[in-house]
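Got some structures for you, see below.
Paired with chain B in one complex and with chain C in the other, chain A is shared by the two complexes that follow.
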Partner chain A sequence: MTEHLPALQVVLPLFGALLAALVRRPSAAWLVSLAASVAAFAVSAALLAHVLDGGVITYRLGGWDPALGIEYRVDILNAIVLVLVSGIAAVSLPYARLSVAAEIPGDRIAWFYAMYLLALAGLLGIAITNDAFNAFVFLEVSSLSSYALIAMGRARRALVASYQYLIMGTIGATFYVIGVGFLYMMTGTLNLTLIAERIAEVQSIRPILAGIAFILVGISLKLALFPLHAWLPNAYAFAPSVATVFLSATATKVAIYLFVRYVYSVFGASLVWVDLPLTPILLALSIAAIFGAGTVAVFQSNLKRMFAYSSVAQVGYITLGLSLVTVPGVTGGLVHLLNHALIKGAIFMGLGAIVFRTGRIAIDDIAGIGRVMPLTTAAIVLAGLSLVGLPGTAGFVSKWYLVVAALDLGWWWLALLIVLGSMITIAYVGRVVEAAYFRAPAEALAGVREAPLQMLVPTWLLAAATVWFGIDTRLTAGLAERAATMLVGGLR
Partner chain B sequence: MTPGTLMLLVLLVPAATALLVPLFDGRPNVREATTLLGAVLLFAAVLGLLPTVLEGGTPSLPAWTVVPGLSIAFSLEPLGMLFATVASGLWIANSVYSIGYMRAEAAPRQTMFYVCFALAIAATMGIALAGNLFTLFLFYELLSFTTWPLVTHRATPEARAAGRLYLMMLFGASTVLFLPAIAWTGIAAGTLDFTPGGILGGTMGAAGLGILLALFVFGAAKAAVMPLHFWLPAAMVAPTPVSALLHAVAVVKAGVFTILKVVVYIFGLETLAATGAGDWLVVVAGITIVLASLIALRQDNLKRRLAYSTVSQLSYVVLGAALFTPLAVLGAALHIAAHAVSKITLFFAAGSVHVGAHVEDVSRMDGLGRKMPWTMGAFSIGALSMIGMPPTAGFLGKWFILVAAMQAGHWFAIGAIVLSTVLNAGYFLPILYRAYARQGEEGKIDRVRESPWPMVTALVATAALTVLLFAWPGVPFELAGMLAGGAALEAGGAGDLVFPAEPPQ
Partner chain C sequence: MNEMAGAVGAFLAHYNQYITVFLMVAGLYIVIARGNMVKKLVGLSLFQTSVYLLYISAGKVAGGTAPIVDPDIAVYSHPLPHVLILTAIVVGVATLALGLALVVRINEAYGTIEEDEIFARGGEDREDV
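Right after this comes the complex of A and B.
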């Protein structure tokens, strides 16, 4: 049984999706989803435990040789990502029941859960596979189901947002698969480990560089790297609350994982970091994201859009760390990947609870919400402070690693830019706090009660995690540092 | 109880108070009793630690490592002891005062007020007990965020704007300047622990030390060193108890405490004195002292005048730190305590004038001396202390800083102190003149009453403390001497210390 864990990781949610679609009854579909996600989480936790004691796990689907068949491979880097994705999926489901029932028409609820599990299966598949083309397939599985999830949003603009995402996502996937084609042409394999081995021996470098460029641009679209982020704000703003929670915490993170995998484990140091000077390019785009998207976030009145733009800015912090090619830098990027997922999960859950109770999301409509929904608002504020990087919260740990990494390189200007970015974050988080607590309750809030316990508990679980991981960082920074050491140390 | 347990209590009692207060939302008397009880317990726990520290011990708690090189650690040295004693002791007086003030004002959302207040005190205790730079920074930021709701408590557009300025300036400076300074220190010295004699000696050149010191001094914007002082006058929009304890004691003292602590325990007096890397600080502090006094002279709003007086007085502490001699450090530490009791008295009196006479402006204070004898009497004592006249506490710190400046032959510092003393007299004495020598407006003055008794009790108590601290400066003097002596001892200059044989009686 244990040796088949890697396959189960994907198969469980995949069959769950099928089952959820078949049972059709909302409550049964929900129960199936909950069981499948919790099981997937248990599997990923077991995989992480294996990796922590025993190194790398490889699994050949159907027993085929990696050169021909598909191989799954779990090391410390993707084990963390698997735990994150399945964990968020599992925590979101208890929250989902009421929210989905309120936002999705009854006859489509089972579809929603089916799509949710399909997206989960796709994301876990991207993270676990060691095959370039298989990753493309899972990328499409997760993307197509995400389009469907977003399109189920109540507002008609959800359809436009979903369509926009579909166009951009398809372009990204196409770029990716073209790049994979180039690599296959030059190396004769789709297995990432084998590509990494053979790529160094390839004589003509030009097709390889073209392939790398296609792949990186394709993935950058999926991870919403500035300026390829245009699809994200509307998609997050108009999707059903639960879809926003799940996608914001996982989808871009898995794309970032794939990016890291390619630039650190597959392409090799000289190709990406020397021939194609990725550091200055990625650094410039990251800084543009932090300041550009961050500034736009400050002026949003729709809170979901505000924090969607914030996600683009925060992805900038992650890619900034990854672009430094040092252990502290990569650790900072990876730890922020985890921390940001928890933070945004908590914030979007809180916002979803507000939507559930009030049906509103504009900042002026929910002025004074801190007095009518104190627990929900406090969770949002707590996660928001973590986003700002208040010491004692998870966000600070990320910021600390990034600042130290910049100073280690002697790049004091970069350290200054990193901390200046926090000023933008405090500007929009401060706007929310001010509206929530320091203004009289809006008329629309008359009679509004605190969110139900089913929504509060998961929200607070994530909010508490954003504080906990600011104090005990063994599971976040500790593991991220191990992964970073492996990635940077393994560069050839 | 062991010192460790007491330290835990010091950290937990105010936090527990903040948790308990909302449970009594509907019962104001129980709620306020909870706050008072918390304050008294906290003060008792702090006092319990005093003997250990006076015997030369530095009690500490086990450290918790957040990430390698970054740990949460608590350890109590003389300066922290002094700060904790002052802040926790004055919390009692302030709680008594708050009861009178908030009820007389019929202020809304009083539960939130008391919760945030207790949290701010918890953060202040964390700052006082911090054993390394990271821990100090953690509680420093916490203090900014817990006092933000207090600044905006009136929830008017003006209050919200002041709150924005407050948060952006304090948080901005600490994040953009202080945080990189911590990281730089950690990379250069390999540790962030507060160590007698400092940790930066020999790690970098004079230019590096100078820049790093600037990052720390301006990063701790709570010290309101110009030009990062704007937040303080704006924060006067808060209810008076907030201005009194936080913006005269806890918050601003956290700023100068941080600067003093960094100078003594991170840089080391000897390192700074030898390299001359921090000589610019005397100039900046001197300019702040004089300029803020000049601005105070022109303020008609009483609380704003007091706020600019605070800006000026805080830089006395910075000036004391910037002379880099043990005697000046002693003066700076004493001035933290002296200014605390005096300025809280002044703010208490200002709030009392607001409640009893509905007067906020100096120009409308004519004749109040006879109608509000307790309030104006206390105000007079506080004012004399600000000018630095014996027999008030304000004399002490100023005297030692002045003597230290003379020993160093630092004419700029001496000039700044003397000039500001004249200016202090210039903006405080006219208030006393108006209150006592002029007649109030017919009809209006008759309706003036002395404020409710909790307020009067509190302000008389702190005024008495201001005088008592001059007569018996024993404990603060000893703690300040330990700080200065300890620093000098580590720096190897203990033999040359020039202390007066006895504290002035």
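Right after this comes the complex of A and C.
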């Protein structure tokens, strides 16, 4: 049984999606999704435990030789990502039942859960596979189901947002598959480990460089690297609340994982860091994201869109860490990947609870929300403080590693920019705090009660996690550091 | 004169690659330049189709036939790119179907499928859910 865990990781949510679509009854579909997500989480936890004891797990699907068939491979890096994605999926589902029932028409609820599980299966598949083309297929599985999830939003603009994401996402995925085609032509294999071995022996380097460029641009579209982020703000703003929670916490993170996998484990140091000067390019784009998208976030009136722009800025911090090619830098990037997923999960859950009770999301419509929904608002503010990087919160740990990494290289200006970026975060989190606590309650809030317990508990679970991981960093920074040591140490 | 013929010959020998590049760039151009949502999807499909050709060209073995085992035949084209592209075609069909379904819903909601008209009407929508 245990030797088939890697396959089960993907198969469980995949068949769960089928079952959820077949049962059709909303409550039954919800129960199926909950069971499949919790099972997927248990599998990923078991995989992480295996990896922590015994190194790397490999699994040949159908017993095919890795040079021809598909191989799954779990090491410390993707074990963490698997736990994160399945964990967020499992925590979101208890929250989802009421929110989905309120936002989605009854006859489509089962479809919603089917798409949710399909997206989960796709994301877990990208994270676990060691096959370049298989990753493309899973990328499209998760993307197509995300487009459908987003299109189920109540506003008609959700349809346009979904369409634009479909166009951008498909261009990104196609760029990726073009790049994979070049690598396949030059190395004769799709297995990432084998590509990494053979890529160094290839004589004519130009097709390889073209392939790398296509792959990196394609993945950058999916991870919303500035300036390829245009699809993200509206997609997150108009999607159903639960879809926003799940996608904001996992979808871009898995794309970042794929980026890290290629840049550090597959291409090799000389190709991306010397022949293609990735450090300055990625660094410049990251800083542009932090300041550009951060500033735009300050001026948003729709709170979901505000924190969607904030996601683009925070992805900038992650890629900034990854661009440094040092152990502290990569640790900072990876730990922020984890922390940001928890933070955004908590914030969007809180916003979803506000939408559930008030039906409003514009900042002026929910002024004074801190008095009528004190627990929900406190969770949002707590996660917001973590986003700023207040000492004692998870966000501080990420920023600390990033600043240390910058100073290690002697780049004091970069450390300064990282701290300055937090000032922008203070500005938009401050706007939310000011509206929530220091303004007279808006008319729309008359008679509004605190969110139901079913939504409060998952929200607070994630909000508490952002504080817990600010104090006890063994599970986040500890594991991220092990992964970073493996990645940077493995560079050839 | 001979040199020129050689150059033309070398150019023509890779004609499939030029078709690939043409489809790729033409498709991407349509996606960017057109405001009609159905035309954009057509461009997107063209862009994806160019990738099919890219892979299939790489799998062709000179003088090889279709990769179906037969005792009379010794040389086959490489079957793996064909299998990959079969999967990619399915993905492309699914993307096009979903995209067209979205356009139908957008047409119902806005009464138009021209992007600029939709953005012009976006101002009427409230900033809430």
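What we mean here is this: the second predicted complex is superposed on the first by the 492 of 492 C-alpha atoms of A that agree within 3 Å, B and C clash if a C-alpha of one lies under 4 Å from a C-alpha of the other, contacts with A are read in each partner's own complex, and residues count from 1 in each chain.
The working rule: a residue touches a chain if its C-beta (ideal position, glycine included) is under 8 Å from a C-beta of that chain, and two chains touch if they have at least 3 such contacts.
Just so you know, these numbers come straight off a predicted model, no measurement behind them.
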item	value
Partner chain in contact with A:185 - chain B first, chain C second, else both or neither	second
First (chain B), second (chain C), both or neither touched by A:361	second
First (chain B), second (chain C), both or neither touched by A:167	second
Which superposed partner A:75 touches (first chain B, second chain C, both, neither)	neither
First (chain B), second (chain C), both or neither touched by A:438	first
Partner chain(s) touched by A:430 [first = chain B, second = chain C, both, neither]	first
Chain A positions touched by chain B in one structure and by chain C in the second	none
Contacting residues of chain C [partner chain A, same complex]	24, 28, 31, 37, 40, 44, 47-48, 51, 54-55, 58, 80-81, 84, 87-88, 91, 94-95, 98-99, 102-103, 105-106, 109-110, 118, 122, 125-129
Residue ranges of chain B in contact with chain A within the complex	64, 66-67, 70, 72, 134, 137-138, 141-142, 145, 149, 152, 155, 159-160, 163-164, 167-168, 171-172, 175-176, 179-180, 183-184, 186-187
Contact footprint of chain B on chain A as seen in their complex	385, 388-392, 397, 399-401, 403-404, 407-408, 412, 415-416, 419-420, 422-423, 426-427, 430, 434, 437-440, 470-473, 477
Complex contacts: residues of chain A adjacent to chain C	68, 103, 133, 136-137, 140, 144, 147-148, 151, 153-157, 159-160, 162-163, 166-167, 170-171, 174, 177-178, 181, 184-185, 190, 301-302, 355, 359-362, 365
